[in-house]
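All chains are identified by letter, namely A, B, C and D, in their written order; residue positions are counted from 1 within each chain.
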Amino acid sequence: MSVGVWAAFVLVLRRELCLSFRRPDQLIQPLVFFLIVTTLFPLGLSVQLTLLREMAPGVLWVAALLASLLSLDALFKSDADDGTLEQLVLSGQGLYVIVLAKTLAHWLVSGAALVLVSPVVGTALAIPLTAFATMMLSLALGTLTLSWLGAIGAGLTVGLKRGNVLLSLIVLPLAMPLLIFGAGATDRAISGTSAAGALYLLGALCVLTCTLAPFAATSALRITLE
Amino acid sequence: MWTWFYRLASPPSVYRVAAALTPWFLTLAAIVIGCGLIAGLAIAPPDYQQGDAFRIIYVHAPSAWLSLFAYTTMAVAGGIALIWRIKMGHAVAAATAPIGASFTLAALVTGSLWGRPMWGTYWAWDPRLTSELILLFLYVGVMALRPAFEDPSRGDRAAALLSIVGVVNVPIIKYSVVWWNSLHQAATVAKLGRPSMPGSMLWPLLTMFLGFMLFYGAVLCIRLRGEVLNRERQAVWVREAIKSR
Amino acid sequence: MNIAADGLCVEKVHVWRGDRHVLKGVSLEVRPGELMHVSGPNGAGKTTLLRVITGLLRPEQGSVAWRGKSIMTAPTDYQNELAYASHEPALKSDLTALENLRFMVGLRRRVTARELQASLERTGVAGCADLPARVLSAGQRRRVAMARILAVRAALWLLDEPYTNLDAAGCALLSALLVEHTEQGGLALVVAHHDLNVAATTRHLGLQG
Amino acid sequence: MSNSFWSMGGYARYVWPSVAFACAVLAWNLWAAIRYLAAARQRTARALAMAASDSA
């Protein structure tokens, strides 16, 4: 009576969420980082609402990207350090399912939290209320895509000492398309024109990454776990 | 049935073949690039729109093409090595990376010099140059990942995987940058594209392409021998290879 | 290559770590109901050999066969039948001992909390079922790892230095568990630099430095 | 003909530096490759010599 794929997926998901909520400070830090980075820009630029609104999508998205990148490093590192990652690999369940569950749990904890906080940042950056829906949808898709790309980067750099700088160096070039489409969608939503085109492209990118990235992350883990 | 491929991919034969090909590639490359440069700079007629500034294409286009070709070669070699566990694939990938990165840099510099008269600045976020810049970041990522592992064979495999992920993303990046550029490019600025060229302008360009490819072959063969030696240090055949030229 | 009917057969395995030739043509064979003791000085490649047998590390040359079939043909099925205990016991320090077991064993088979509690009792750490793993002593953590090995009910046990941090009672318990496991037709491969006094048919493999 | 050739129709400031940089990249590639091969041969020779002296 071995455990089915879905049961294993749910079990790993519950394990990750349970572990994350045992250390709430780890969850709050990326959010605070996101808020701090977005308050830097108005201080650095000017507080003219028109200029701020012009800058808002880019600022919001770059801050969200960097905040999620910050927490990606811990995706496999804590498990690798205490030896549980090996047990997960040898658990008899496909590593694809385990990586799928771990990355989704990481997104729920970091990406989704960013999306929930983004209205606060949106009002701070003078983004009109009407654009909130598109902004949050594009952020959700974007951070999910980034979590998958980050899973590949984390898989490759899990064993390295100063891995997190290398992780950003590897993941950011791959994340540029989603920044372009995401900021583009938010920008159009602000200016009132329909952001459907950019959202469709972002959605397509998200689906592509969600299906292919776990394979790459799985083989990345096998390489570094040897 | 793949025995000839495995024999060809065996380290000693790769080393010998690379050593034999280098002089041929080098002399041919020198001749072809020489002719191409003379033709491009002196013989080809100036462009009706950009005048003689357009001659920069004879060094920019081949570099840009080579930067992409080298990345694809690196990804394919890495893929072969990862899937069929042929170590020489990693040697080829490791040898190709710095060459490709240097030509990406060449494409960026010549591209911005070419754009200067048109745009009034050295960098106007032209879509082609922007994707070339991101390609350079991809190169740097792969070249930074390979030596980060103590065990060289693990570093090779990690770099191979990253280059495969990268090569899948190159078209996506190119498309998204073009899409992004059409978003902000209100004014119609003469793009850096290759205008449809009459024969007298085209053949020097093709010559330069051939010359750069031959040069790439030569440098790859030289670097490949170094990579093979680094990976086969204990092998028996290495002892004779070291003594002979 | 003599096909062991159903058991573990490692055939001339070679592994290089960078320039170091760590495993030079290692071969071994374990039949059901037997215990294989692998010993050797530090750096002799004991852990590397174990990682090759689990399938985590692919050897440059040589093969590992389980029940006559190479483990590379169906890795997950093979891994479903083995239990691997590495140097340090694999426990999440934020989770309690019971939770650790539930998440680890739960991936392998449907198991109830009562069964897990029973295996914890069997290894003498029932008391700290609800304590977070970080407060447990090294010996207790080792015993929780032993409980995991028991609860997983794997045919093949691969134990890397299982006797470390165990007190006298713990060592006796582990030896008893090994005997019980081999009597039920299970296989065990134990890496230890001291000799084991386990009443089971034991083979021995000494790895050179 | 020759001085108009060098002036590149007034764009000499851009054409010649581009060509020069491209040639510099070609030259660097060749030099770096040869140096890399020489270093690899030297390292291998030293490793072999050391191995020979160990086993002797």
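The rule is simple: contacts are C-beta pairs under 8 Å (C-beta built on N, C-alpha and C of every residue); 3 or more make two chains touch, one makes a residue touch a chain.
Just so it is clear, the model here is predicted, and its values are computed rather than measured.
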Worksheet item: Looking at C-alpha means, what's the farthest chain from subunit D?
Response: C
Discussion item. Just to be sure I understand: the centre of a chain is the mean of its C-alpha atoms, right? Then which chain's centre is nearest the mean of all of them?
Written reply: A
Worksheet item: How big is the gap, in whole Å, between where the Cα atoms of subunit B centre and where those of subunit C centre?
Response: 48
Practice prompt. Could you please state the distance in Å, as a whole number, between where the Cα atoms of subunit B are centred and where those of subunit D are centred?
Written response: 15
Discussion item. Averaging over Cα atoms per chain, report the distance between subunit A and subunit D in Å.
Written reply: 42
Worksheet entry | Whole-Å gap between the CA centroids of subunit C and subunit D | 54
Fill in: Contacts with two or more other chains, residues of subunit A listed in rising order
226
Discussion item. Could you pull out the residues of subunit C that touch at least 2 other chains?
Written reply: 19
Worksheet item: Considering subunit B alone, which of its residues make contact with at least two other chains?
Response: 151, 233-234
Fill in: Complete list of chain pairs which touch one another
A-B, A-C, B-C, B-D
Worksheet item: Residues of subunit D touching subunit B in their complex?
Response: 5, 8-11, 14-15, 17-19, 21-22, 25-26, 28-30, 32-34, 36-37, 39-41, 43-45, 47-48, 51
Discussion item. Looking at the complex, which residues from subunit C come into contact with subunit A?
Written reply: 51, 54-58, 76-77, 79-80, 82, 84, 86-95, 99, 103-104, 106-110
Fill in: Residues of subunit A defined as touching subunit B within the complex
152, 156-157, 159-160, 163, 166, 169-170, 172-174, 176-177, 180-181, 184, 201, 205, 208, 212, 216, 219-220, 223-224, 226
Worksheet entry | Interfacial residue positions of subunit B with respect to subunit A in the complex | 82, 134, 137-138, 140-141, 144-145, 148-149, 151, 154, 157-158, 161-162, 164-166, 168-169, 172-173, 175-177, 179-180, 183
Discussion item. Can you tell me which positions in subunit B touch subunit D when the two form their complex?
Written reply: 33, 37, 41-42, 46, 51-53, 55-56, 59-60, 63, 98-99, 102-103, 105-106, 109-110, 113-114, 116-117, 215, 218-219, 222-223, 225-227, 229-230, 233-234, 238-239, 242
